[in-house]
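Read through the structures below before going on.
Presented sequentially are two complexes of subunit A, the first with subunit B as partner and the second with subunit C.
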Partner chain A sequence: MNLAAAIRERNAAELPSKRDEDWRWTDLRGLIRTAPEPSQPFTGQLPPGPFDALAEDWRVLINGGEATVDVPARTEAVEALRFVARGAGSHVASATIRVGANARLLLLESYESDGASLALASLTLALEPGAVVERIVLTADHEDAVSVSQAEVTLSPTAGFSQTLVAGGARRQRLETRVLHPGGSAELRLDGIYLLAGKRHSDQTSIVTHAGTDGLTVQLAKGVVRDQARGVFQGRIVVEEGADRTDARMGHHALILSDRAEVDAKPELEIYADDVACAHGNTVGALDEDALFYARQRGIPEDEARALLTEAFVGEVVDRIGHEGAREIVRAWVAQGLRD
Partner chain B sequence: MAAVRQTVEHVQALEKYQHGFSTDIEQDFAPKGLNADIVRFISAKKDEPEWMLQWRLEAFERWLAMDEPSWAKVNFPRIDYQDSYYYAAPRAKAGPKSLDEVDPDILETYKKLGIPLREQEVLAGVEGAPRYAVDAVFDSVSVVTTFKKELAQVGVIFCSMSEAIREHPELVKQYLGSVVPVSDNYFACLNAAVFSDGSFVYVPPGVRCPMELSTYFRINAENSGQFERTLIIADKGAYVSYLEGCTAPMRDENQLHAAVVELVVLDDAEIKYSTVQNWYPGDPETGKGGIYNFVTKRADCRGDRSKVSWTQVETGSAITWKYPSCVLRGEGSSGEFYSIAITNGRQQADTGTKMIHLGANTRSRIISKGISAGKSSNTYRGLVSAHPKAKGARNFTQCDSLLIGKRCAAHTVPYIEARNGQAKFEHEATTTRLSEDQLFYVMQRGLSQEEAVQLLVNGFVKDVLQELPMEFAVEAQKLVAISLEGSVG
Partner chain C sequence: MLRIENLRASVDGKEILKGLSLEVPAGEVHAIMGPNGAGKSTLSYVLTGRAGYEVTAGTATLDGEDLLALAPDERAARGVFLSFQYPLEIPGVPALTFLRTALNAQRRARGEAEITAPEFLKLARAKAAALKIDFDMLKRALNVGFSGGEKKRMEILQMAMLSPRFLILDETDSGLDIDALRIVSEGVNALRSPERAMLMITHYQRLLDYIKPDRVHVLAGGRIVASGGPELAHELEREGYERYEAAA
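Right, the complex of A and B next:
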């Protein structure tokens, strides 16, 4: 049974658990004994969304619903898509996005909740040849919420897709991206940031399948966890037989700033072709004491030095965001997240 | 260059699998199949005390309730556990007292394999040549252990497991199953029920074992499985270096090898465990036959500042499922894992390590080099974890995979679990093929393609070969060359 059906039918026994290899660090079945009632329609006033300043128009899916975005060939569009959960119910939302040949889309997506909801958002994105999409995802989930987002991205040759996930965590939060990469000079960038405090959890999972020759994938995820928070990164790059000259690079780096925080990572390579260059790097640790010492010796107070170094650590991912306006919104969000 | 020339000569001189012969000797078998009576039969055959039989029967009960694991990236038809012999032993004349009483055919077998069972043969080389003591396990039993007397003088116990159960029950009772519990996993549990022999080593406090110890495993009988169990205890401040080698005849049916190795390391002690695994890999074209190698190896660094180093060269077996692990419990203890895993033909390997940091200031280092050629599949799977108490834990992991050919596969599946803010983990992995530029450069200097590949591969695995004891390093280097023969062009 898939997750959407399990939520719709309120079948808690069919939710993914730590016994499912892909969910080993994001156990839903162990957490949710009885699935919540379906969410009620919401008619009240919504607070402003994080990207209101950038988009003229936005689609809001409150407690479920469906959306379709069609970007015609050779046009440019900015779409804001808000997945909102109000109350403590469960629901499934979905969006289908098609981007025509040589069109450009800036997709600004947010996940917002205000209670112990159980929400799933399914996205399907299809990019035609030459289409270029930048997807920025910001989360503003409640600490009791369970929120899962599953995106399926299909690229055409010569298309370009870049994504930055910016996650603040929830009771359980998972941002999953699956990309079918046809090669043929299509370019993919999958980045992520997570800043977690309290007892929050956030999981960034990606599976990139290279099916054709000459594909490029770069991935960089960085996380900072404090208190008893838990960050999860799972990245799998699959290079199918014959997908020669694939170039794939993945990096995941996390800072643990307290004794009881946790980071779990599984960067995977699954390679069936020989003419490839694939690599991943993964580091987990505390702030570099030497750098801290250097900063303090220059007269910067310890707290400030820590904040500065942490901001610089995450800043590398922020700097890679292509759209300037979105980059500054994310930068402000990160600065806020590190101050709190 | 001498090493390369030697490697090339070696390849030319040998067939693909040089240990594929079988020895025709009279053997005792247990009836085919597996049930509680077979467990009793094995226990009775080995004259075991009642507590040992109970231990086995309990393990068998638990095994019946377990399911075969399926998470590894290997594919094979379901194993029929009833279609195998669980005990095969050379028919002995009531326990040979000396080497002269051992069946000459067996001695001949080991001679062919190049394993010195006669102490004078070890000594017969150049003066000052390194010596090593051997425990030779032939199918289900240990046939001979050399240098026992000399080792006993310094207090080192080196004998077969069956002998240890008889002679040193207190040590066996204390440590057996304390590192790999009976029901740890499916294959370890099966092993606990039907294990037949293996080596037992105890190094007393403060003793540095005067020579390398080694066990040589040979599967000979048809349709049989080998289930050996090795237990090594390094008491406080002790040191021992242990080598393990394995081969099997070429047969069309698959044979099961499910071993358990337990290492116990107390304060300031060190164990260095090296393996050259060269079980028959099956037919490279059809994939028929070969050994299923499902092994559980684990070291428990119980003492402070204790150290374990696993070095493995895996070239054989149709299927390898093996994760030598270190439980770093003692403060400041350290674990190392150096591995070369080569798959060719239709071999499948899923191998790696687990470094479990429990104590403060524990350190671990993983260097894994995987090479896949032919139509094989090679997976590195490893876990590095730091528990909340493992303050100051440090890990460095480097996993490199090399692909030779269009039809092979290489996977890297590392798991990293950091549960405290003062642990520092670094992991790097790469997957590439042999560099065209380097090949071109070397061939332009006059080397043939085969030689060039061997030279580059030797360079690729050099970091690990350096960690092997000298006599093994030479053998391993040759093995690397032989395993990759025919994979180029």
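Right, the complex of A and C next:
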């Protein structure tokens, strides 16, 4: 079963379904009876992208297409990559990103759709030794869209990769990250935020495979769901045999703000090595009513108090974003998302 | 100023306040003393509108206005302030952010202009210095990881900044070291004025040496069972609550 092939061949029967363990909370086959027509080329005007203010260079992939980003060794780059769907067709887009030894890249990625499209974006990222990449993903998907992003990240020893996914959901949305972690003092941070309202769904799935000794992985995902929205977090960290002295920490925490909203979480640590420091925490709950009362006793009206406390909850993830400009864009997006 | 008449309130279906009446005129400081579990904190929560505290009878008015009909934040905007017996932690919200949000919300509710950022910082620095609170502490998430005494000082700092009209201090003295007790008391005394009134809940006469009350009340079994001048506190310190508990 290959999602790209299923979309290209318009074969709805081959879409991932709840019978696939990894997709049980993001069932596409049950949702899409007939695959949409292929997306048509788009020639109209696009609205500004969320990162326009920061990027020196941006690549826009509308209704499919391919992009290649090469960052030569020992150079620095800021790249914006916009995956845009216009209309209600289906398509596959792909991007290949190579970052040379000791180079630095800030990758600003967005997913934007305006209708009932079915879109897949496949990315491969390869980091040479000493390369440092920060990837920020922001979604602006339509409530009727089905949007899947699959990124395959291969790290070299001593490379550093950190990412923050910032998701607003869609009819079905999945942001998947797979990382091959060689150990050897390579460092990985995989963070995520989801703020979901209405009937939106968002799935953050990651699989990290530690294949060598002395690797570090930290992961923190936080979500806020309202109305009938549904958040999914699946995080798996595999520490292979021989990947001794791996240090891996995963946390997922969600706030459910209504009775009909839902969060499904599956944090998994699979450890086959020795002397490994691993920890995971997972909490799903409501806003702290006592803290809310305290804020209201000080004069803060209920809605404002709720927004303040939820913003602070998510703020812990925002604060971990390294690039200041990107951090402030995400902070503003979160503030907006919680007040809508 | 504050007038409570025949107030009855329950928590989880259990009646805690059983016909409590009390009057605190403007300009006065009243102390409430009473055994553990008598309903002192319950009274403070009922007056501030905490969820789960159900009023089944009686009235509470501030300057004639029905307090019980107002939302907690509306009561705050009218000038009701509670220094909590157990201040809550607000993860992720720096104390300064929290305080500025609160101050501006109250000002908006009263139809006043919001405070500007420089004015606010100036005020916060001045009040923190007066209470010997390290200003950097205000950049930390409110009360998170603060010691018991630091939390109590933060309550008084918030009080000083919000300058409320009706102050309820629920065991503000517990957990304070000797110097802190003096500093905090000075902070409270600075707020005494003819337009303000205070209700001070405490177990110890010592606090009343610093903040001299006009009246002392004994709360036992959900009611005010005795009232008197400052000498009543001395009597309680000597003789305990036994005879009042019997009366309740």
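Here is the rule we go by: the second predicted complex is superposed on the first by the 340 of 340 C-alpha atoms of A that agree within 3 Å, B and C clash if a C-alpha of one lies under 4 Å from a C-alpha of the other, contacts with A are read in each partner's own complex, and residues count from 1 in each chain.
Keep this in mind: a residue touches a chain if its C-beta (ideal position, glycine included) is under 8 Å from a C-beta of that chain, and two chains touch if they have at least 3 such contacts.
Note that this is a predicted model, so its numbers are computed, not measured.
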{"item": "Clash-or-fit label for the pair subunit B, subunit C on subunit A", "value": "fit"}
{"item": "Contacts of A:294 with subunit B and subunit C, given as first, second, both or neither", "value": "second"}
{"item": "After the two structures are overlaid on chain A, angle v-u-w for subunit B, subunit A, subunit C in degrees (C-alpha centres, nearest 10)", "value": "80"}
{"item": "Touched partner set for A:267, first subunit B, second subunit C, both or neither", "value": "first"}
{"item": "Touched partner set for A:315, first subunit B, second subunit C, both or neither", "value": "second"}
{"item": "Subunit C versus subunit B, contacts on subunit A by residue", "value": "B"}
{"item": "Which superposed partner A:302 touches (first subunit B, second subunit C, both, neither)", "value": "second"}
{"item": "Subunit B versus subunit C as contact partner of A:277, first or second or both or neither", "value": "first"}
{"item": "Nearest Cα pair across subunit B and subunit C, whole Å", "value": "14"}
{"item": "Residues on subunit A lying within both footprints (that of subunit B and that of subunit C)", "value": "none"}
{"item": "Residue ranges of subunit A in contact with subunit C within the complex", "value": "288-291, 293-302, 304-305, 308-309, 311-313, 315-316"}
{"item": "Contact footprint of subunit A on subunit C as seen in their complex", "value": "48-51, 71-73, 75-77, 81-82, 84, 87-93, 97-99, 101-103, 105-106, 109, 141, 158, 162"}
{"item": "Subunit A residues touching subunit B - in the complex, by the definition given at the top", "value": "21, 241-242, 254, 256-286"}
{"item": "Of all residues in subunit B, those that touch subunit A in their complex", "value": "71, 388, 391, 401, 403-433"}
